[in-house]
Amino acid sequence: MEKGRVEAFSDGVFAVAITLLVLTIYVPKPDPRHSLVHQLLQHWPDFAAWLISFMVVGIIWVNHHGFFDKLRRVDRVMLFLNLLLLLFVVFIPYPTEIVSNYLKVGGWDAKVAVALYSAVMFGMSIAFSEMYLWAGRHDELLDEAVDAAEHRARFWQFAAGLPIYLVLIGVSFLSPGLAIAGHFAVAVFYVFDQTVARRGA
Amino acid sequence: MEKGRVEAFSDGVFAVAITLLVLTIYVPKPDPRHSLVHQLLQHWPDFAAWLISFMVVGIIWVNHHGFFDKLRRVDRVMLFLNLLLLLFVVFIPYPTEIVSNYLKVGGWDAKVAVALYSAVMFGMSIAFSEMYLWAGRHDELLDEAVDAAEHRARFWQFAAGLPIYLVLIGVSFLSPGLAIAGHFAVAVFYVFDQTVARRGA
Amino acid sequence: MEKGRVEAFSDGVFAVAITLLVLTIYVPKPDPRHSLVHQLLQHWPDFAAWLISFMVVGIIWVNHHGFFDKLRRVDRVMLFLNLLLLLFVVFIPYPTEIVSNYLKVGGWDAKVAVALYSAVMFGMSIAFSEMYLWAGRHDELLDEAVDAAEHRARFWQFAAGLPIYLVLIGVSFLSPGLAIAGHFAVAVFYVFDQTVARRGA
Amino acid sequence: MEKGRVEAFSDGVFAVAITLLVLTIYVPKPDPRHSLVHQLLQHWPDFAAWLISFMVVGIIWVNHHGFFDKLRRVDRVMLFLNLLLLLFVVFIPYPTEIVSNYLKVGGWDAKVAVALYSAVMFGMSIAFSEMYLWAGRHDELLDEAVDAAEHRARFWQFAAGLPIYLVLIGVSFLSPGLAIAGHFAVAVFYVFDQTVARRGA
């Protein structure tokens, strides 16, 4: 099966998901009791959750891009694993809006909200890792220029998000604010690592 | 007419429809009487309907992909049959949200909701079957590598969903929950058949 | 300028617009006083407006497809005329929802609603006609296989919607229901003309 | 890295964002006290904000198109600068809806709303300028046909929006209506400059 149309469809899904995220931010309405600035400040978790989710979807898209560059073709299993990854991607606006709604109220619900968010990120990492492993076990899917043994050896470099998101599920129940900061830090570190750090090397 | 732009447009529609589905899931708001977990559990039909619709749109996309690979070109009738298929695809979020809203209340309305859902799936199957039949009756549309007689002989293999969705319309009036479980089973079976079963062969 | 990316962007806009239309249909909620069937029947204008708008966007996409096949390249003016066409395309969900909301209440507001709908269709036709005329006046934009004189001579065949939509603006003030039926008839006739009639020729 | 998929993804994001904008316009509902025409007139800022944002996204897309034509390939930093640009693009529906909601109420909130809108446009200009500068400092990213020195010399021609949007942030606090008119004038001037003016030259 040609990988071109799989990439095009996936890019479409990424593009819609990353744009729809803006709908999760509360839009203030004129209110004589609360100024616009007051309302914007009150809804800061909406902006934080939106920004983190935007970064995560953007990063997944970059990685998806890089991963497909290493493939020669796509088999049926890879096709459905890719759909599993997209299942998590299109779901992201949902936990994003829940974090927006609940992070400001605090308490147990805020912990559950951020744990749910972290669990979706964890699920997405599992789906992506499965794609990586499947390609590593089926050399005929990899591009000739790719060394299959090296591909397999680099798994944990690729799947570094897996243990991190698992830890963040736990951290959510200790401090949801800290867990959200952790998600932000992971995304910022990734962008830094891919740009500034590589340049310095 | 070139089939490339028809595929690109269709892929765009599939990508938007599969991503928009998330908007059909109820987003809980802070409520002193009901915890977040309670609200999430209460809205389980939203997740079930979303998951099934995601799988159905994903499967239709895979089949659309496979069907267009067998085509050499697209004529005007095929172009409009493809639009008829997309009419059902973009409509899917509507019955999905109705199932979300009514499955939990039960009674006659729940039956109507699931029957409507099943009818949309049936309509989509009819549109797709018409595309298949049209290609089979116009050999000039098929790729040279495709045997037109074999294409025609495989119709019921391709259109297996047709009688199943018809039965599920009826089942909706007996037990809407069973009908929804049937939709889920059909989607899971399809993915299994396309991946594990093929590998085993 | 390459026409490929203009087509890809336009296809993306068409795909999003045609899929977003479903959001204009009222989604019934459980209501002890009104059954689901009752609510669906009560909102029939939502379905009618959605169906017509789907057909119109689909037809415009088919025509856009056919028009760009005749072009060799795109200049800056064509680029902005195309954006003007897309301005009307992305706006369509708005008058569609207004027709859904007001056709059932009748009276003056229903007339204004359908007139607004017709006016948007008229505006879209003007934008598309301008694109056609611009290509006809700048032979260097047309593909070598296209006869520029013939292209110009066929203008009114291409722009048949222009006077029809103008008439439908007027009809809206006499009978909004008739005008909506007119929009439906135009779309159905077009599909018939492009498929059955051509086959018969 | 291939620039093709970056363009395709960006085009998808532009297409979704430009189409989603219509959701920021208030949809009137039947109301015995206010006619449809009255409600439409009352919500004129919704239409103004939608129109300006549509033009801005359309213009950014045209410029993005033109900018990528000058590139040979894309490095990691460019990839993330492009995501930064898209971050502002997908955010545009948010300040657009805030301008819609607050411009009609006037007062301090209207000033903040338009200043926020102007600040988002300013941020978008900065992101795009950074992309331009990065390409100018890394000749290997530019197409062979592009003169790197000339590219660098033309920076302020490319980044003319930068000081204009900065001024419009300030003007927002003097007169939000004037600032919105300024945004409209900038967009109209740009389209005029790219079409009529160039033809005249």
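Residue numbering begins at 1 within each chain, and the chains themselves are lettered A, B, C and D in the order written.
In the analysis below, a residue touches a chain if its C-beta (ideal position, glycine included) is under 8 Å from a C-beta of that chain, and two chains touch if they have at least 3 such contacts.
Keep in mind that this is a model prediction, so the values were computed, not measured.
**Q** For the two copies chain A and chain D, what is the rotation angle that overlays their Cα atoms, in steps of 5 degrees?
**A** Rounded to 5 degrees, the superposing rotation is 90 degrees.
**Q** Going by average Cα coordinates, which chain is farthest removed from chain A?
**A** Comparing chain centres, C lies farthest from chain A.
**Q** When chain A touches chain B, do the two copies use mostly the same residue numbers, with over half shared, or different ones?
**A** Different residues, largely: of all residue numbers at this interface, under half are found in both copies.
**Q** Taking the mean of the C-alpha atoms as each chain's centre, how many Å separate chain B from chain C?
**A** Averaging C-alpha atoms per chain gives centres 26 Å apart.
**Q** In angstrom, rounded to a whole number, how far apart do the mean CA points of chain B and chain D lie?
**A** 37
**Q** Provide the list of chain B residues touching at least two other chains, using ranges where the numbers run on.
**A** Only 8, 12, 15-16, 20, 23 qualify.
**Q** Which of the residues in chain A end up touching chain B in this complex?
**A** Residues in contact with chain B: 1-2, 5, 8-9, 12-13, 15-17, 20, 23, 76-77, 79-80, 83, 86-87, 90-91, 93-94, 97-98, 101-102, 105, 108-109, 112-113, 116.
**Q** For chain D, which residues count as touching chain C in their complex?
**A** So the residues of chain D in touch with chain C come to 7-8, 11-12, 14-16, 18-23, 25, 27-30, 35-37, 40, 51, 54, 58, 61-62, 65, 69, 191, 194-195, 198-199.
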